[in-house]
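Two complexes are shown next, each including chain A; its partner changes from chain B in the first to chain C in the second.
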Partner chain A sequence: MRSMTLYVHREKGSPLHRMDPLTKLLYVFTSVIISYVLADHLSVLLVLAVSISLLIAGKVARFILPIISVSFVLLASILIVQGFFHPDRATVLWEIGPITLYKEGFSIAFLILLRVLNMVCAFGVLILTTKPDELVETLIQKGLSPRFGYVLLSVLQIVPQMMTLTGKIMDSQRARGLETEGSLWVRIKSFIPLLGPVILRSLAETRERSIALEVRGFNATGKRTRLHRIQPYKYGFALKALLAVVLLSVIVWRIWS
Partner chain B sequence: MVRNRVWSFRFSTAALVLIPAAVGINYIGKLFVELLKLPLWIDSIGTVLSSMLAGPLVGALVGIVNNVIYGFTTSPVSFVYAITSAVIGLVTGIMAYKGWISNIGKALVLGFVVGLIAATVSTPLNIAFWEGTTANVWGDALFAWMVAKGNPLWLASFADSVVVDVPDKMVTVLISFLIFRSLPKKVLTMYDTEQEIERL
Partner chain C sequence: MSHLRVEQLKYRYPNQTGLALDGITFTVNKGEFIGIAGSNTAGKTTLCHAICGLVPHFFKGAYGGRVLIDGNEVLTSTLSDVTSKVGFIFENPFSQLSGAKFTVADEIAFGLENLGLSREEMHARIQDSLHMLGIEHIQRKNPFDLSGGQMQRLAIASVIAMKPEILVLDEPTSQLDPQGAREVFNIVEKLAIEGMTIVMAEQKMEKLAAYSDRILLLHEGKLVQDGDPSTIFSRDDLLELGVEPPIYTTIAKKYGLCRNQSNSFPVTLEELLTFEFNMPLEGLSSTSEKQSTSVIQAEELSFSYPDGQKVLHTISIGLSNEPIAIIGQNGAGKTTLVKLIKALLRPSAGRIVIDSIDAKDTTAAKLAKKVGLIFQNPDDQIFKRTVLEEVMFGPLHSGFSKEEAKKMALLQLEAVGLSDKAEENPYDVSLAERKLIGVASILAMDPEIIIFDEPTMGQDYQGKLRLKEIIADLHSKGKLVICILHDMDFVADVFGRTIVMSQGKVLFDGPTIEAFSHQDINRQAQIEQPHRFQIARLLQERRGFVNQP
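Right, the complex of A and B next:
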């Protein structure tokens, strides 16, 4: 069983790492919306180039590759399905034996490809340079319920714990003679005996965890004090205003022309 | 007894703590499917189970948190489907409350309805973001065939989602139902908001 952590963020100490999480979050939304508002290849390519140069500026460009590869099936299926079967197909681009690739479909597929890549890269800017704790802390300061902030952060800790538990249970069930390899039916049959104990254990643990939390004042009302003070980000307002202006002008320009 | 507690917005600590555990269960389900090389996704057992245990709102929250965390840690594309996950939690929670998990036959109907609704919610998202494909080989093959035959895009895209979502959600709900039924009472009562506590 692979040991794992859910944190993808890399500490590199670039200007992007010092930027406040909300500005980066706003960048992600601006970038994704613009890439879908604009409909010609060159402008979307430009939006993608901005996201990639931000990744390079944040010194995290090579860590985006595994994240892109997760979406590889989606990208491939877009290219194949739209390239060969798009309804407006008329102009033949390539003909390899019985397979014909059409220009119209390929053009649309390429546009969607750029958009999806931009979506992944723009989110990459946020998730590769921001500690989840910092993001949640900022959101709590902006008014997110601290109880819900706890929920978000505890997911990141509980999932690796459960993965370890899963490894243990898989080993013990195998030791008891459960077959987990073989025909499809054998594998399906082993699903419940593996999953059942993990689920039961984790639900039983939530009972203890909720008692522990309540004892520590989880439901306390009143003003909370903070262990970590986050320094206000100097250029936060200017950058957010800039992003908002860019987004609005792109939308207005698109409606007008 | 107080009615309509299903819609309570004031979550108890137990319900809040259930959310991360349920997201974890979603991850574990997906992990087992990969390890055992089963041909479905089965990535929402936690969402469905938490809806059965603690109601539609907790289920919907589990769905959203699941996709947000998955988007933050593995694949940003999953942000797009946060709405679908929330709806899965909502529908399961409401139908479970109305008694659609009292026996295995009803649970299968519940799974069918959830799958159908999940496909309906996913279709506009698929069309808006990637012109209708779903990245599932079987679904996309059907999509390509239907588009090539001249069917409208929305119909092909809906068929693409349905052939994957309906079997997947039926299996998911079935597994969740089997686990839910075998849970000890001690666990079930934790989330029971309708229970009256007797005072001396």
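Right, the complex of A and C next:
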């Protein structure tokens, strides 16, 4: 288990690991907006392809898979609901017994799927190649208050923290005879006794953390300093400008046509 | 003016009936080293909390009396004012991590950034404290991926780097290897000489006796006595107060080595050695009768964690027939080894066979009736709302009915002495008690093999006595007991066979008495001889020296 962070360390780094967090943040923003502004499948697919190639360039493509599979449940339900129940039902795509799948619904569902996938991948570009503390650090040095920075960091940490905690509790439970390994059904069954403890423990841990912060002087009123100087990123300005231009032109094009 | 002054301090936790602290009064001067001794529920941790302001600012409840730091009252100051002067090292190092930093070095920086220090100063202090605690080699690791002892070292480093005026330490060496523990005491002593005021709660009485200027003896929330180590440890009623005197004092009492004028006994090794007496080396370590038990066979076992660090290097050992101790330096791979045995981790290479079952063909859950593992950090093991439910979980999932499970659970709670806490929330009892809950919850399943990961951590005299009884009892029932330990006296008292590990390898495997007679092994594995061995050896050397013409 990689503990407490989704960030993937690469010994030699990658162009994406070296890119500054703000540029990547702007990329996420641009990519997600464009995928919603454009409405045809092909262009959204293109946007998704860009995000995926970036993941490959960052040598982290493999690590997006578990995140996608977590969102899969969500995606599948979108697909089903849209596919079966979208109001514009005209063209029948499939008919399986009493169930009819309509082309319009499916088409929209597919578009949404592409957009969500792109969102996950674009966020992946940021999250998998950026240390969360570095991201927050950059924002703080751009003027975000350190307190708010800590809150933001905690939000970014919710998922990995829950994963770690769940792992610990599962270890303790299977050490005492609750089966958690094996078929899908066994895994689903073992999920229920986890819920209560995970909530209980994360409350306890949050409390512990806040004690730790107090004791480590987090609430001191004096001026804070930071250990790391954020390295200026050579191509930061150019890339950000490029992203801004792309975003603007897509929006303008969309309004015009 | 005294640096720290406590007057008639009384405190009761919310929703509790008894007082946790009851009329405590003492003063501490700048640069003094004060030890706090007492049994597990004496109120040591609560007193530490009261000094660093967590009581009453974080833990509410009923509060009376005053705590003054440099003349400022803690109750009326803000918590951040108090914590800017008082540094506090937690009993459980995991609870102290900020959760905001992703490397060991950055974790130390967290406190320094809050102090607003310059970059150069921060880098200097970080390197300094990493070096002092011997954790430079792991400075780029994630703080959550450390072994228990490494995490404790980090916790100490991160507070020491902040250079507080008063340093409060709550059992800071409970998970450290013996040499690591000694180093921490040396560091703290040096800080005291440089003017830092030290308050330390500790169960290692030999160390408290050697290092503290004064000792506060607590019992059931009351301050029984405030005096120098030799006065405190010469008391006759110590055991009744749940405190075991230093081994040196016990030996001195046994041999009647007392300074006739003052009726005080020696409390440190140096003092003891000023007397002439003779103690045989023989019979210092126990050998239990062999029993036929389950057998664990590890063959060419290797393991790496996902972050790439190789932790175990082709280990081959067989475990059976008698209680076995595993000792060795922090980060040696002890916990990793037992997690592999319990099938919580999968080996990267090699295999483990338990009574002809290959661990790879089974799951941790299926192994539950065969192998029980008591986790190092009890908080990783506990997840239920009440102590009783926690202990019942195992039996319930190994096919027992509710009534049977309850009966088994109550029996085990009795054995660890926690019957009266059955209905409490596990988070409201002390860390040492939580550790015992962990023990009860595994024993309730009655497994064939029981592995304890540092059971003596934070335990007082009573707790250790109970553990010894439990281990002897398990062994007599034909169970295989394996224990990871940092308490060398406990090792010598209980185990006939000892395995010494260092850096992912087995350095030694054989009779306990031999394990401690190899100086180079002891040095490499950062362990020390049990106190009785040290004394006997020194006496022998002295005699040898005298006998030379």
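The definition used in the following text is that the second predicted complex is superposed on the first by the 167 of 257 C-alpha atoms of A that agree within 3 Å, B and C clash if a C-alpha of one lies under 4 Å from a C-alpha of the other, contacts with A are read in each partner's own complex, and residues count from 1 in each chain.
The rule is simple: contacts are C-beta pairs under 8 Å (C-beta built on N, C-alpha and C of every residue); 3 or more make two chains touch, one makes a residue touch a chain.
Worth saying up front: this structure is predicted, and the values here are computed from it rather than measured.
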item: Most chain A residues touched (candidates chain B, chain C); value: B
item: Touched partner set for A:Asp171, first chain B, second chain C, both or neither; value: second
item: Partner chain(s) touched by A:Tyr7 [first = chain B, second = chain C, both, neither]; value: both
item: Touching partner for A:Leu152 - first (chain B), second (chain C), both, neither; value: first
item: Contacts of A:Pro197 with chain B and chain C, given as first, second, both or neither; value: second
item: First (chain B), second (chain C), both or neither touched by A:Arg229; value: second
item: Chain B versus chain C as contact partner of A:Met162, first or second or both or neither; value: first
item: Which of chain B and chain C A:Leu213 touches, first, second, both or neither; value: both
item: Chain B versus chain C as contact partner of A:Gly124, first or second or both or neither; value: first
item: Common interface residues of chain A - those touching chain B in one complex and chain C in the other; value: 7, 132, 150, 154, 161, 180, 200, 204, 209, 213-214, 218-219
item: Residues of chain A that touch chain B when the two form their complex; value: 6-8, 36, 67, 70-71, 73-74, 77-78, 80-82, 84-87, 108, 112, 115-116, 119-120, 122-124, 127, 132, 147-148, 150-152, 154-156, 158-159, 161-163, 166, 170, 180, 184, 187-188, 190-192, 194-196, 198-200, 202-207, 209-210, 213-214, 218-219
item: Touching residues on chain C, where the partner in the complex is chain A; value: 52, 54, 57-58, 79-80, 83-84, 87-88, 90, 95-102, 106, 109-119, 122-123, 126, 142, 144-145, 158-159, 162, 306-307, 342, 344, 363-366, 368-369, 372-373, 375, 380-385, 393-394, 397-398, 427, 441-442, 445
item: Chain A-facing residues of chain B, complex; value: 11-14, 16-21, 23-25, 27-29, 31-32, 35-39, 45, 49, 65, 68-69, 71-77, 79, 128-131, 133-135, 137, 140, 143-145, 147-148, 150, 153, 175, 178-179, 182-184, 186-187, 190
item: Footprint of chain C on chain A - complex, ascending; value: 1-5, 7, 9, 131-133, 150, 153-154, 157, 161, 164, 168-169, 171-182, 197, 200-201, 204, 208-209, 211-229
